[in-house]
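Which chain is which? They are A, B, C, D, E and F, in the order written, and residues in each are numbered from 1.
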Amino acid sequence: MIKTKYIDNEIKYIGSQLSPHWIYKNFNIMGDAIVAFCGECDVKLSEMVDIEDVINNEPIYSKYMLSFITEQFNVGLTEGVLRQRLLISIIKENLEKYGFKITRNGDDLIVDGKKLSVSIATKSITSILIHTGLNILSEGAPVKASGLKSELGIEDIKTFATEIMQAYAEEIQDIKLAATKVRGVYE
Amino acid sequence: MIKTKYIDNEIKYIGSQLSPHWIYKNFNIMGDAIVAFCGECDVKLSEMVDIEDVINNEPIYSKYMLSFITEQFNVGLTEGVLRQRLLISIIKENLEKYGFKITRNGDDLIVDGKKLSVSIATKSITSILIHTGLNILSEGAPVKASGLKSELGIEDIKTFATEIMQAYAEEIQDIKLAATKVRGVYE
Amino acid sequence: MIKTKYIDNEIKYIGSQLSPHWIYKNFNIMGDAIVAFCGECDVKLSEMVDIEDVINNEPIYSKYMLSFITEQFNVGLTEGVLRQRLLISIIKENLEKYGFKITRNGDDLIVDGKKLSVSIATKSITSILIHTGLNILSEGAPVKASGLKSELGIEDIKTFATEIMQAYAEEIQDIKLAATKVRGVYE
Amino acid sequence: MIKTKYIDNEIKYIGSQLSPHWIYKNFNIMGDAIVAFCGECDVKLSEMVDIEDVINNEPIYSKYMLSFITEQFNVGLTEGVLRQRLLISIIKENLEKYGFKITRNGDDLIVDGKKLSVSIATKSITSILIHTGLNILSEGAPVKASGLKSELGIEDIKTFATEIMQAYAEEIQDIKLAATKVRGVYE
Amino acid sequence: MIKTKYIDNEIKYIGSQLSPHWIYKNFNIMGDAIVAFCGECDVKLSEMVDIEDVINNEPIYSKYMLSFITEQFNVGLTEGVLRQRLLISIIKENLEKYGFKITRNGDDLIVDGKKLSVSIATKSITSILIHTGLNILSEGAPVKASGLKSELGIEDIKTFATEIMQAYAEEIQDIKLAATKVRGVYE
Amino acid sequence: MIKTKYIDNEIKYIGSQLSPHWIYKNFNIMGDAIVAFCGECDVKLSEMVDIEDVINNEPIYSKYMLSFITEQFNVGLTEGVLRQRLLISIIKENLEKYGFKITRNGDDLIVDGKKLSVSIATKSITSILIHTGLNILSEGAPVKASGLKSELGIEDIKTFATEIMQAYAEEIQDIKLAATKVRGVYE
């Protein structure tokens, strides 16, 4: 099963963390894993993996953000993007448990017309990597933004993040099992 | 892009439709496709591909159901299950646009504690196949069930189904493109 | 991790057990698994998956055999054959711990010039399947054979089999992790 | 079939040789290949691909080592690690033919409680690469070590290495054929 | 390298030959192989693997045809169709060496507006299979057809077929090597 | 479908263009694409991806060349080389429509014993990339060369290139569909 860890120390996310084995090297967690941490998010164009954002000259900034990083091995990138969309759906569903009404648009989450999230999925030679960030504080964002704390009033970010990582790890496990319990079909 | 088609004729879903090229042979749609139709759903144990249901002796029945069948080629089964979960999330999100509050539990959709859906994903030699069924009428179901019409009051099933197929086809297309617009990462 | 189970009841191995989800349907173990059991082994040509044996008209018979069956999902057949060879190596190594000198020749184990084992790996639509059988009693075998009990004097087959399954499950797990802990290389 | 070559010239192994097309560029052998050579082995932490060793601060040193390098194309990394384990098993079996008793622990070979080998498998964009080194001389090693010559008394390293490469190339070929001679199974 | 064999005995092609291990079982050629033979070709709708032809009610008939069957393992179907197109191109090029002007349209070969060939590629659990047939005699064909002998005057079918099989086996080998001799590219 | 674009501006091809997302970043075409442009071609050894050419010390030069670059995602390199051979066949066939007699030798096109083309296929982390260049002017080439204009007299390079790109995009689409319209085969 995907290992999960909430990192209590603040980490400034600058894009370089979306790198193979960053989790393993920094937190000694080997294999498929998802971690979460809080901190400023400031990704310069030169660090961005989303070429569309580079072309559109849209760097990423958030004064204070909850970031999830997951690395999963032996997976192609299209499947990696599907695993990203699943993470986004699970975040949406966890927010719904808190009573919020959220709209998902691909890998974006929107509350009251304001952007809550950024996300990207990419590939290394041996793995896929996903970053998903949720604003905690919305001020200073380059677009109309919403924040988990500033707009939604969620105070206990650690519990919120841990619930999401747990649900994600369990559903990926469930999906792998779902692929083992059906008979193939013929014509 | 995945082709979509709403089939106006009623079809009784008995499980045999979850078969390679059923869409192509019956509706002359070649390649990746999703179709929807209405009719009774009555899948005997002998026709079920979900071995878990067979072990638990849980045949599927619905007096009147909206069924989606999608066949997609050149995809592994784990990725196929992820594509199933995406379809379930999109159905949930479309119901939310209609104003309903829906809970997703893996590949199950639940309204007010009552089961709205059944779903399975499987593999043939050349493709993955997904069936997702939503009760239109809930009476006679083997479990506490909800229906699109009987409980939720949705009358225009064709529009509802078409919206879902369109959103699904567009998001799969978007996911494929998302895998082409990011630079790989190194260490 | 691959689940392991020693089945105390005798099972006559006739080839039909090398079938997708045989483990799941009979022992309710979902996902990657290896099981072991004892019984007569009598595989008719019509049941054999090894076409080479069919061409050579070599049915398989053993009066009393320890059989391992493993099913593993989301794996190609070449990798499946490599996983078979690993199982054979682990059986050889476990016999060495008991003090025996064993020769491996591909997927055959040989003791004192006599054949101890039969093995085959094949594929279903969703999985690879391996059967490896070790004679417990050698009499009546179609070739010069050795038996775990009749020649080697191993009495506690259950412990012997359980050690092998445990070592195999651990090494497959270790191999999966080994693929997650190395940086890729460039030129 | 995998091409094999024993390189008579000494080569100091510093890790940089575990690089895509190193064999092709240096020895003009195109395609899947395994080569062997002798020389000092001195891999600094900065050159290591095994992140676990880097984390544990365990550089590799051997005063005089027999190194095997193999590059194989169109293979995933998990299968690459399985092909590494096969190489280790074959080395063990060749040593057994010389009359030694060897223990394998994953990708380590141990004689009389002393480590004989180092090994790693990794991936490039187009291939997997494996390095396996066997101490010839054990003095100066960072752990309790055994050497082919210093402890085991094997003088003709070239013959020993050539036997291993030959057996490895033949078994990989045999494994590929084994995947072509079985009928698939259905349920 | 793909093994090649011209079968001197006549074989009536009825579609059932496009089956996994047909080459191995009948001619004892293990692994990737291509064979050629002559005979009547009469494929009923019930035996056809091309569903498009079934839908269009287009059975295949040729009074006397040169048929190629190739089975190749560990290949996906899209790649299998590319390998089919390569075979078609090589047949075209061999005909050009004989001085003929040929047009290729996908997997069809056309001479002077008349159809020379039929072809299909499909998949089994462990392999891809291709049938390509070239009319030797054109009379009795269901469409305007050309024949190697009746229109083009080629008498020595065995030499012609052998040249094609040899060129095909060599180019597949060359393609595999071409994938091993380029460095990967980065951004 | 693969997007196509003829670039009217001259571009000097120096090898650096065979790089992931070069098409997307420069022409804002996302996803599978093929582009064509004219210009001098001057690839130094240090920029070459074909290691065979580097070993043989064969840099590439053409005074004026029509270059095709295609990037296709989610494809392995062996399949990428097959897609390169298809492009070469399509160029040959388009030249035949213009009335020329062309010989293909792997990925080389030859007219009257003179080399018309250069081509290479390689891989990035997320895609395969192909460059195929056709001399427009043959003078100054390092080998006996032919040119589209200087020898063959083709004046309208843009139309010629556009026909090829269109035919290539259509056939790749046709190949993908061909893999969706056949039933799998069993034994």
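We take it that a contact is a pair of C-beta atoms (placed from the backbone, for glycine too) under 8 Å apart; a residue touches a chain by one contact, two chains touch by 3 or more.
As the structure is a computational prediction, the values presented were derived from the model and not from experiment.
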Report summary line: Listing by label each chain that touches chain C and chain F gives A, B, D, E
Query raised in the report: By the touch rule set out at the top, what is the minimum number of steps from chain B to chain C?
Result: 1
Query raised in the report: Which chain pair is joined by more contacting C-beta pairs, B-F or D-F?
Result: B-F
Report summary line: Dup interface of B-C (contact pairs over half shared, numbering-based), picked from C-D, C-E or B-F, is C-E
Query - Centroid comparison with chain A (C-alpha atoms), farthest chain - result: E
Query - Distance between chain centroids, defined by C-alpha means - chain D, chain E (Å) - result: 42
Query raised in the report: Taking each chain's centre as the mean of its CA atoms, how far is chain A from chain B in angstrom?
Result: 26
Report summary line: Note: chain F residues in touch with at least two other chains are 20-21, 24, 30, 51-52, 73-74, 76-78, 123-126, 176, 179, 181-184, 186-187
Report task. Chain touch graph shape: choose line, ring, star, complete or other and state it. Result -> other
Query - Inter-chain touch pairs (all) - result: A-B, A-C, A-D, A-F, B-C, B-E, B-F, C-D, C-E, D-E, D-F, E-F
**Report entry** Of chain E, residues touching chain F in the complex
**Finding:** 18-22, 49-52, 76-83, 85-86, 89, 93, 96, 101, 103-104, 106-107, 120-125, 129, 171, 174-176, 178-179, 181-187
Query - Residues of chain A touching chain D in the complex - result: 21, 24-25, 28, 30, 73-74, 125-126, 183-184, 186
Requested in this report: Under the touch definition given earlier, write down the residues of chain F that touch chain B in their complex.
Outcome: 20-21, 24, 30-32, 73-74, 124-127, 176-177, 179-184
Query - Complex interface listing, chain E residues touching chain B - result: 51-52, 54-55, 76-78, 123-125, 186-187
